[in-house]
Amino acid sequence: MATTLQPPSIKLPSARGVPRTKKLGPEVPSTGIWVGLAAITMTFAAFTSAMIVRHGSAPDWQHFSFPIILYFNTVVLIASSFTLHMARSRFAAIGNGAADSGPALRALYGTLVLGGLFVCGQYAAWLQLRTKGIYLATNPSSSFFYLFTVLHALHVIGGLLGLTYVISKLHRSVLAKRTLDATSQYWHFMGVLWLYLLGLLWIRI
Amino acid sequence: MAKFVAVTLILITIGSAIPIIAHIWVPPADISTHGHLIDEQLSDTMFEAGICFIAAQIILAIFMWTASSRKPGEKIRNFPGGAKALVTAAFLLVGTEVLALGFFGSKAWGEIYFTPAAADSLPVQVQAGQFAFYFRYPGPDGKFGPIHPEMVNEASQNVFGLDTTHDQDAKDDIVTAEMGIPVNKEIHLLMHSKDVGHSFYVRELRIQQDFVPGLDLSLHFTATKVGRYEIVCTQLCGLGHYNMKAYLKVMSQPDYDAWMKQQAALQ
Amino acid sequence: MRNRTCYAAAVISCAILAFAVVMMVSQRKVKAAPPTEGAIEGTIKLDGTPPHEKGIDMSKEPSCAAIHKANPVKVESVVVGPNGGLQNVVVYISQGWNGPAQASTVTPEFDQKGCQYLPHVMAVDVGQQFKVVNSDQTSHNIHPMPTPGGQNHEWNKSQPPGAPPINSSWAGEEVAIHVKCNIHPWMSGYMAVVKGPYAVSDNNGSFKIENVPPGDYTLTAWQETYGTQTQKVTVAAGKPATANFTYKAK
Amino acid sequence: MHDVSTHAAHHAPPQGFLRKYVFSLDHKVIGKQYYGLGLLAVLIGMVLSWLMRLHLVWPNAAIPGLKWLSSTGAPGGIMTPEYYLQLMTMHGTLMVFFVLTNVPFAGFGNYFLPIQIGAEDMAFPRFNMMSFWVTFVGFWVLIAAFFVGDGPPLSGWTAYPPLSALASAGPGEAVGQTLWAISIAIFCIGQLLGSLNFITTTLDLRTKGMTLMRMPLCTWAWFITSCIGLLAFAVLLPACILLILDRVAGTSFFVPGNLVISDQLIANHSGGSPLLWQHLFWFFGHPEVYIAILPAAGIVSHILVNSYRRPLLSHKVVIYCMMAIGFLSYMVWGHHMFVSGMSPYSALAFSFPTLVITIPSTILVLIWIGSLYGARLQVNSASLFALGFVSMFVTGGVSGFFLAQPSIDVYLHGTYFVVGHFHMVMGVAAIFGMFAGTYFWGPKMFGRMMNETLGKIHFWCTFVGAYCIFMPFHYLGMVGNVRRYSAFVDDYLQPLLPVHKFITYAALFTGAVQIIFLYNLIYSRFKGKPAPANPWDGTSLEWATSSPPPWDNFGGKTPVVYHDPYQYGIEASSGDYVMQNSPEQIQTVREDK
């Protein structure tokens, strides 16, 4: 194809910033989050297939009823997603004139608390299992249960760090919308992932 | 320099091809009923791969020679037909070639592996362990005694963990360190590993099968030539891997019976 | 000033002299009165017909198989001599010994020859140096397996032909540590780690424990298949005491 | 956490030695760090291969100085069987992970991907720095295995359980194997961060006019590779976690029950599936081959176009072929498991996609060779190594015909034929890509020209040497010479020892001539003549800035792209080429689609 002198219209990297500074694109965070989520999905997919293969390969699989508190945690996590959604809409409102960042902050803190509550709830679930004498190495089923819940909890803790980061920026009122969006994308994904894991464990364990 | 490299490349190509064409290093004579399928497939593939290899290298060398001897002013010429021609060529020639290979290859594979062992085949159990193969024959009663892993004791040569005092079936089982089989009789090889992964490889029989701990795998083959061959381990199994081997004795039926008596005496 | 230094010098030299004298005396005291050592000897017999032992097929290792072509090797868990003597039995003092743990000063050798251990059973004192050598044309891996959790730790080292001897010793009492070679799974031997004097019965089943001071002792015999037997024995100065053991063939 | 203002700290050139050269956020410094780490790893790996070759042909000879390296592994300098396997494991792991993955992908990619798309840095400089330092830690955790307990693991770079899962399975399987698994897990995290960066940068930070199709071929290769890596390492990581849990927490993911190791019953495991590890590992393992080879292929295409002084016959087809290879690489892992007890039917299901990979690979080769026809070849070290890559790629590729077919693999599996195959196509070819990249981009990275004469000598010796080493491997495989043997005691292997001797001599020679390269690299780094901005009359953006580029790559002037990447063989004011960022109107060479 013969080249034209008019470069095709594609987004410029943000032209802000004086020379001799590095300029980076505005859509970077959301792309990054999506790529990251792809990797996380793949990881859990690998664990899932491992679980299915392991379940099929040997007769030693023992089923056990997992702690009721998990359902409570599930509700908490879903609730936190809603509060985060509220936070986003309230933050958008700030852009549209509403001066006070208080409501958004309150919603964010709510999310933070609920998220923390979820992690504690998971911890409680592990304690319950231990009292029942079900440990990591007791049986492949328990191994996978701990594996999935612990890894998910770690990811949620990562999300909590992200939230605190967002909150601190909002306090200094230097929060960029895309940051909040990226964080909430991650957070909602954690909720979806948990629902998936819960279903998987419910079927298999 | 490019001309020099081109010449080097041609020399390397010829040098690499000679041992293949001259059959200096070839698989040993096949002694199995199925091996000829593999050998034919191997030689077909060698022929096609060889042509691809030689053609590509020589053409690369020639083009290097010509392209490096062009003057700066000279007009650049496109390969006749350009990319389209090459892509079509790749699809038509190579595509059909490899698919044909795949097809015939899978036919050979199917004929070897999709058939179950014959009902009258002779069952032989082989156990791989660090770092030796041991073989077990069911003995007169035709039944293998059960295996008790906790009773495995190599010091007293109870390598399979047999309980000869309690298990009737185990009493007459014959355990050997060499694998003796009658010629022209189908052998049903029952494989299991005692500890880690191993593999059962007999070049002359054209068979190779991994031992996977926790899995009972089986294999069936017929040896067609009397002789003594080496069974070696081809799956990394630890420090003694290089020395993990056993001998396969293919014998006439009478010799086999005699051998079996002699082994029974050693139990 | 001057005579003070002389004084000091005198004192010091006297001190040195006194010290030297004390040393000499004490030396003399140690040398003095060598105790008249006794000894314990006896034979170990197997009562009944020895169990049938499986033959060992070494065809995997041609260099070793060639060595044993003439007389094939059998499992060595019970080795009975021509006149019913039981070989490879470790005899040691289990009670009554209050001398040093390390009674023997030699460095026993654990040889690997024809894909067998020579000796099949080796006794050593706690902390006594022993050396493992390889007289074969092939590599062996020496893999002693003490009971886990004890003072002795499992190890597993290969010894290629021509490699220097492996020198080692054991930290705690243990009768007996099983030694095996994974490259040649049939290879099996034992190391008995004891405190004080010991002996291992020979092909006639007879043993002799040297340098046992007079006194009352409990003697223990260990055989890899039939386990341990003990008996009391009194050692008098001069003449060796006798202690015979008899194992019942199961 | 994923936020542009992670660049807040980035808004001014870094001050101080640490920030500038050690914990730098600058992708160029990080690229060089990866390159240096790879160089260190490749030197260690090469020495290990020397020791192995020496031991193979003189198994009972004392190797001078070896007893100082490990008194137990080599008593009196005579290598024990386990030490051979331990060195082999470390050789494989170092080469595959810390050389073949680090240099062509992470090293050159970090340095040149942002420049070639006109960006000023990676999308997430912090993650970028983290990814290197994580990899660095992984490297030293692996090296630490040399100095613990009874040495590094001996289960090979594939680490099949239960051998790799049970401490009692052999020397090195206690602490060494655990360190190995941890190191690889860490490495995976580093690569995931790196891939995340590459993908986001390519998608979001392209400068004005830089459409995807206008990206140079190596940029494309890095982009595709990072997509492969993102998925592949996301599978290896779980596998390593499961392995570590089996080892330290007593779980039974991979370890079945009733195993008896040296007469001891393994009581605390039951029901695990060793095949599960093989599936997970090879699901990563096969794409890993392309993670090693695709960046090299991209670099080589980039260099070939430049030295052909003409565009390739088709820019797009090359890109589509690389995509196809990357895609297919996820459907073929089972061809590593033809003899490991899979159903014979699934063997066929894996065999055909494997054979299909031949087609895009062939097209690549045909494009490289076909474009050479009628070109004006500029002969320099870079182009020679690039052409050497093509030759090696062909040689290694055709031996794939054999191994792709289960019926032949059943004879060749686990022999030196396999070793020859993957060393040719994955090892030597990728390393040739690195050499080509070094000679081509060295001036840009270090601001000094490298010595061409030395480069050409280095090429010729390495080229001939590599063939002398790895061609005979195939012959040995044809006779059924089993791999991973520390000595050849089998009756039928004894007669092959002369061949092994020849290989050993070749290996010693080829390894020795790499000193020429090292000398060239170091000497020219300090004493070489200063490099101009565009020494090779290149067209892509890395040549549009000074050598070495300023801290923000383009001195604040973000370039705008007007042309396809490879406008060679034309009449322009600058000569027979026009750079991507020059607004000059030219009659471009027509390109087939």
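Lettered A, B, C and D in written order, each chain numbered from 1.
Please note the rule applied: contacts are C-beta pairs under 8 Å (C-beta built on N, C-alpha and C of every residue); 3 or more make two chains touch, one makes a residue touch a chain.
Computed from a prediction, not measured in an experiment: that's the story for all the values here.
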Chain pair, most C-beta pairs within the contact cut-off: B-D
CA centroid of subunit A to CA centroid of subunit B, Å: 49
Geometric centre distance via CA averages, subunit D-subunit C, whole Å: 55
Distance from subunit C to subunit A - Cα centre to Cα centre, in angstrom: 66
For subunit A paired with subunit D, centre-to-centre distance based on mean C-alpha positions, whole Å: 33
Junction residues of subunit D - those touching two or more other chains: 80-82, 170-171, 256-257, 262-263, 271-273, 275, 487, 489
Shared-contact residues (touching 2 or more other chains) in subunit A: 58
Where subunit C touches two or more other chains at once, by residue number: 138-139, 141, 158, 178, 180, 182-183
Inter-chain touch pairs (all): A-D, B-C, B-D, C-D
Interface residues, subunit D side, partner subunit C - complex: 59-60, 72, 75-76, 78-83, 150, 170-171, 262-264, 487, 489
Subunit B partner contacts - residues on subunit C that touch it in the complex: 54-61, 75, 77, 138-139, 141, 158, 178, 180, 182-186, 188
Complex interface listing, subunit A residues touching subunit D: 1-3, 5, 7-8, 10, 12-13, 17-29, 31-33, 35-36, 38-40, 42-43, 46-47, 49-50, 53-54, 57-61, 136-137, 140, 143, 147, 158, 161-162, 165, 169, 174, 176, 178-179, 182-183, 186
Footprint of subunit D on subunit C - complex, ascending: 138-139, 141, 143, 145, 155-164, 166, 178, 180, 182-183
Contact set on subunit B toward subunit C in their complex: 129-132, 154-157, 159, 176-178, 238-240, 243, 245-247, 266-267
